[in-house]
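Which chain is which? They are A, B, C, D, E and F, in the order written, and residues in each are numbered from 1.
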Amino acid sequence: MITEGLKLIVLGMGTVFVFLTLLLLAIKVMARLLAPFTTTEMLELEAEQQAAAARRQQPAADTGDGRTLIAVISAAVATHRARR
Amino acid sequence: MITEGLKLIVLGMGTVFVFLTLLLLAIKVMARLLAPFTTTEMLELEAEQQAAAARRQQPAADTGDGRTLIAVISAAVATHRARR
Amino acid sequence: MITEGLKLIVLGMGTVFVFLTLLLLAIKVMARLLAPFTTTEMLELEAEQQAAAARRQQPAADTGDGRTLIAVISAAVATHRARR
Amino acid sequence: MVNMFGPCENIADIDIPMGSNCFRVVICAFFLWLPFHSAAGEGDAGGVTAQISAVAESADHAECLPPIGELFKKLWESTGISAFVERTGDSWTLGIGRLLMIGIGFLLLYLGIRRKFEPLLLVTIGFGCILSNVPLAGINEPGGVIYFIYQAGIATGYFPLIIFMGVGALTDFGPLIANPKTVLLGAAAQFGIFATLLGALALSRWVPCIDFSMRDAAAIGIIGGADGPTAIFLSAKLSPHLLGAIAVAAYSYMALVPIIQPPIMRALTTPEERRIRMVQLRHVGRAEKILFPLVVLTLCIVLLPSAAPLIGFFMFGNLMRECLVVERLSDTIQNSLINITTIFLGLGVGSKLSAEGFLTIETVGILVLGIIAFCIGTACGVLMAR
Amino acid sequence: MVNMFGPCENIADIDIPMGSNCFRVVICAFFLWLPFHSAAGEGDAGGVTAQISAVAESADHAECLPPIGELFKKLWESTGISAFVERTGDSWTLGIGRLLMIGIGFLLLYLGIRRKFEPLLLVTIGFGCILSNVPLAGINEPGGVIYFIYQAGIATGYFPLIIFMGVGALTDFGPLIANPKTVLLGAAAQFGIFATLLGALALSRWVPCIDFSMRDAAAIGIIGGADGPTAIFLSAKLSPHLLGAIAVAAYSYMALVPIIQPPIMRALTTPEERRIRMVQLRHVGRAEKILFPLVVLTLCIVLLPSAAPLIGFFMFGNLMRECLVVERLSDTIQNSLINITTIFLGLGVGSKLSAEGFLTIETVGILVLGIIAFCIGTACGVLMAR
Amino acid sequence: MVNMFGPCENIADIDIPMGSNCFRVVICAFFLWLPFHSAAGEGDAGGVTAQISAVAESADHAECLPPIGELFKKLWESTGISAFVERTGDSWTLGIGRLLMIGIGFLLLYLGIRRKFEPLLLVTIGFGCILSNVPLAGINEPGGVIYFIYQAGIATGYFPLIIFMGVGALTDFGPLIANPKTVLLGAAAQFGIFATLLGALALSRWVPCIDFSMRDAAAIGIIGGADGPTAIFLSAKLSPHLLGAIAVAAYSYMALVPIIQPPIMRALTTPEERRIRMVQLRHVGRAEKILFPLVVLTLCIVLLPSAAPLIGFFMFGNLMRECLVVERLSDTIQNSLINITTIFLGLGVGSKLSAEGFLTIETVGILVLGIIAFCIGTACGVLMAR
């Protein structure tokens, strides 16, 4: 029985390595093929974050008139809606 | 077979028109019978909207003390509760 | 048949009383055994409530700068998150 | 969000206010389906006249429909009016009886929607009752959907068990643990139950047309406990033919609790007594709340194992509520799961509201017994509480 | 929230970014399972070669595996590549046909995800199609999960009924009640339906390889109504072997509504007419909204009882939405229940997208008929609306 | 919100703090049900003594109960105490064995609630274990609810598939795609799996009372992968009689991951190595995330089609999560659907924790093997990662 088990192990380990290696290659190929899309997306994301940061800095100046609070509330509401 | 299809069409179209015409009549009869309720409901709704509008105008005057914000938050919370 | 029904009633009522009495005893025993835990928990709860009350009193003084509102919003958000 | 399952709103959104065209499609489609319907072998075992069956067979085998005049005659025979009229000749329960039961379904909807009597159950039971009594559609015959719901969920007892799990997850036993003497008020339910049982046996003994077996009487007795899911669970086991009447009676009287109880209470108690009951309860610890369902379950296993399915699921729900480590599951049980089960439970109970099962003198007896027993139960509860 | 059903994220959280190891476990586990797979008697009735079966038997009885070289040969025979190649010899529908259908599954995913054509259905149908056509896995054979979903939920008609209940709970009939004449626009759907039916019969008559029965033609006709759940419900009854093609056609054309309708509408109406339709509707009262589903149901019972299951569930959903006393149930129907049912409905429809059933000249005919019929339907709708 | 499914809270709301009277109703009702119980033919095939059966028969046929003294004797015979005592005479697994298993159920509840070891599964499995071992109630016999849950959802493999869909919808493969080399860490799981398999075979060879077949050993091996749903899915196929022990072992060791892993990791890695792993990952695009599940599925179809059900449902869930056009469905899967399935999966696994199946030397072997294998798996994972 233990010999049978060793057979199973050779069979299993060998093929699992083949499978996982192929998967590793497939992911790398996919990443290379899709690199342009990924880069564009990343740049857009960064631009957006910078714009958001800029927007965030400006209203911080005029705290007195309640705009910050309204912004906080709106952001909370937006987050909440986005989450559902 | 195509003759059979035409029979089905005559049968189907005829009866569908009968059914839909009866439905049309039924909706009209229902609307007439329920007209008093609908009118009352509509008037109540309008009164409520006017009251709400009046209420909304007043606190807009005193923005300084934060009441507007509290109203905004309460309204948001109420909407949120109503929605669930 | 009615005699049979009376038999069922005697059987049922008797055993239900036994069951409920045992349950009553079990709850009392449980309450006594767990009394130390319950007391600790209750004291913690009270301490927390007092702390919360104290915290609530303090910021009530400086309403002008919007901290109350932020506290209200944070509390609402926290409650909302806790509830899900 | 609205436009995901049909083109209904698309069309409306663009330009023409067509409202929803979905149901018009259904109507058209069904006129197409009509001639093939019974041969499709779906549902209406005894529900379609032999003639239509013949049409369908010819349509099926020879691919050829009868002449147009005959087709219109068949069409007439497949309408509900024709079915109500013609079937009444064979058996009143198939013709006019179905019409009466549809009326009762509408009455239940009225009670649920307008009077707000236990709407969650009366609306679903009422609609199930209407659908079960539609002639020629076979919704309540083997292959039909409501028949299936009853067989799969109620005859087996699974839906009431899930409801109990949900009720457990919705129940806070804190007040009971703080004031354990109230446990003995269970006798109130008991008096109601046994009074109803005796009443059922008395009816059976002295009223000529009523003949309840011991099992029937036991099932009827449960109405006196004014607990809907238990009544459904046990009558599905003890006497399924009375399930419709028992469920309707149980939920009606559950709805009457807030109406009947206050005057009885006012008659039997003094204002001082009522004020006394409002005393502050002690704080109940988390450990107590977690152990309570396990203690009840243990007692149940030791003394009354045959009640373990129902009490077990009830306490499982309560444990998930109180243990605070499976809040995901507890939330789902309290919402999606109990709601989905309630819908199907109601529809399934409706399947037992057929004319031959419901329009009997027994049902009248059950309804009358129920209301008497309920009053007795309430009165005993109040007296015990003193 | 992420870490509740596996150790996947635990490992990642601590130190090593292992990502999710769940699926690696699955892979390892399946290599273990492999030699026993067919003897486990699960799913692959006709799906596994006799040799593997023999291995499994020996593994089962004599507790002894064949020599390692033979084991690797068996392993090769249990791969998908080998199955696609070797089966093509027996029957192209089992070999290359499955591969083509998997391609069609990916195409449906593309349409759903990238083109956003009815994604809720095309993503689920597409994935169901891929899984159904995996060789040797037996997912679409007795014992397999998608076969079970089809048999339990679609062949019986239960899933479309639940979807209809959900659509009812999502539909606001207010505009229709305010302007009841739009009801007659149902004729638009009707023209589409009957034109498709006639087209199907004409194809059957004059195209040599196509041979639709009357039932098939009726089922195909429903595509012209551009309503997915109705098409699925009725083709499961009338001609299940065409269900795959009909469902794909129906959902594709539903998705095309917003693309095809505006130009046809612009061609057939003047700007003034289009503006006129935007007039303010009257206020519709709550009582009207509550009674509307009951009126439709009553008419259906009186005139067309065989449509009662579908119309009944549709109106049940709508009543729960409008009656406002069972909001719990209405919410659950509009969310959890319809979503869960949609997932399984899509997977189940996918089971009808097998090579032998779908890769036929009939499917091409159905797809062509569908698009023509849909244009006719839209044009008639617009003309009727004038 | 609380008062919708019973009169429980109504009564409390008004005046008298009755708490919930639901369960008292259940108790009363069950005393009524008692004499009829076994004749109702529900569940307890082998679970009720012949005498009670005789009572029930007489109650059924002659409508006549035995004298009151004898009734109390029967009542005693239907209590749990009596069953535990008397059955021990026939077979210890029916008497004292059930009591021990109920104790193990309470232990699992303790581990889940107090120690917070995988509470979602250990609480439900623990409760399922308790309910399955209640004497005379027949919950785990044909007709009983937990028996049904096991047969319908676990023996078929459907519940683990749904769980996998949910886990897929909860898993973010971003880190794995950013750093694909971590895929090879799957070998960690593999070493655990094969070490456990060898261990099981060794036990079977050298320990006298243990006799695992090749199938059993393969099923036990999966514990080494520390993945609960896979272990349940495959042991339901390979050796259902060990499912209880395997599931308990798998979930216990899953719970131990965060406890056992850090010290092993600290022993095998240097602080510098641990810091290196925290490097910033690259941004992973939406297209990559959408294609990843499809790539895995394709590889699986090509190389290992027999794993397609599990991997397919896993990747279906992940695709729905990432494609962003079916968020409704993805939300429902991540919440209602996976929660409902988890509840029933746990209860169903509990049905395999019966005394005769679980209280064996094999179970001890499995538990010991599991803990050793888990340590090996973790150590190999860490070593591979270097």
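Note that a contact is a pair of C-beta atoms (placed from the backbone, for glycine too) under 8 Å apart; a residue touches a chain by one contact, two chains touch by 3 or more.
Since this is a predicted model, take the numbers as computed values, not measurements.
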Third chains touching both chain F and chain E: A, D
Of C-D and A-E, pair with higher C-beta contact tally: C-D
Greatest separation from chain B - chain, by CA centre: F
Chain B and chain D: spacing of chain centres that average the CA atoms, whole Å: 31
Where chain B and chain F are represented by their mean Cα positions, the distance between them in whole Å: 48
Chain C, residues touching no fewer than two other chains: 1, 4, 8, 12, 15-16, 19-20, 66, 69, 73
Of all residues in chain F, the ones touching two or more other chains: 4, 24, 27-28, 31-32, 34, 63, 65, 120, 176, 183, 186, 190, 193, 197, 214, 218, 296, 303-304, 328, 331, 335-336, 342
Residue ranges of chain E in contact with chain D within the complex: 4, 120, 156-158, 161, 163-164, 166-167, 170-173, 175-176, 179, 182-183, 185-186, 188-190, 193, 197, 213-215, 218, 221-222, 225-230, 234, 237-238, 254, 257-258, 261-262, 265, 274, 277, 281, 290, 294, 296-297, 300-316, 319-320, 323, 325-326, 328-329, 331-333, 335-338, 342, 381-382, 385
Residues of chain D touching chain B in the complex: 24, 27-28, 31-32, 34-35, 63-65, 68, 71-72, 75
Of all residues in chain C, those that touch chain F in their complex: 1, 4, 7-8, 10-12, 15-16, 19-20
Chain D contact footprint on chain F (complex, rising order): 1-2, 4-12, 14-34, 36-37, 40, 42, 44, 59-60, 63, 65, 78-81, 83, 102, 106, 109, 112-113, 116, 119-120, 123-124, 127, 130-131, 134-137, 139, 143-145, 148, 328, 335-336, 339-340, 342-343
Chain E to chain B touching residues, read off their complex: 176-177, 180-181, 183-184, 186-187, 190, 193-194, 197-198, 201-202, 204-205, 214, 217-218, 283-288, 291-292, 295-296, 299, 303-304, 331
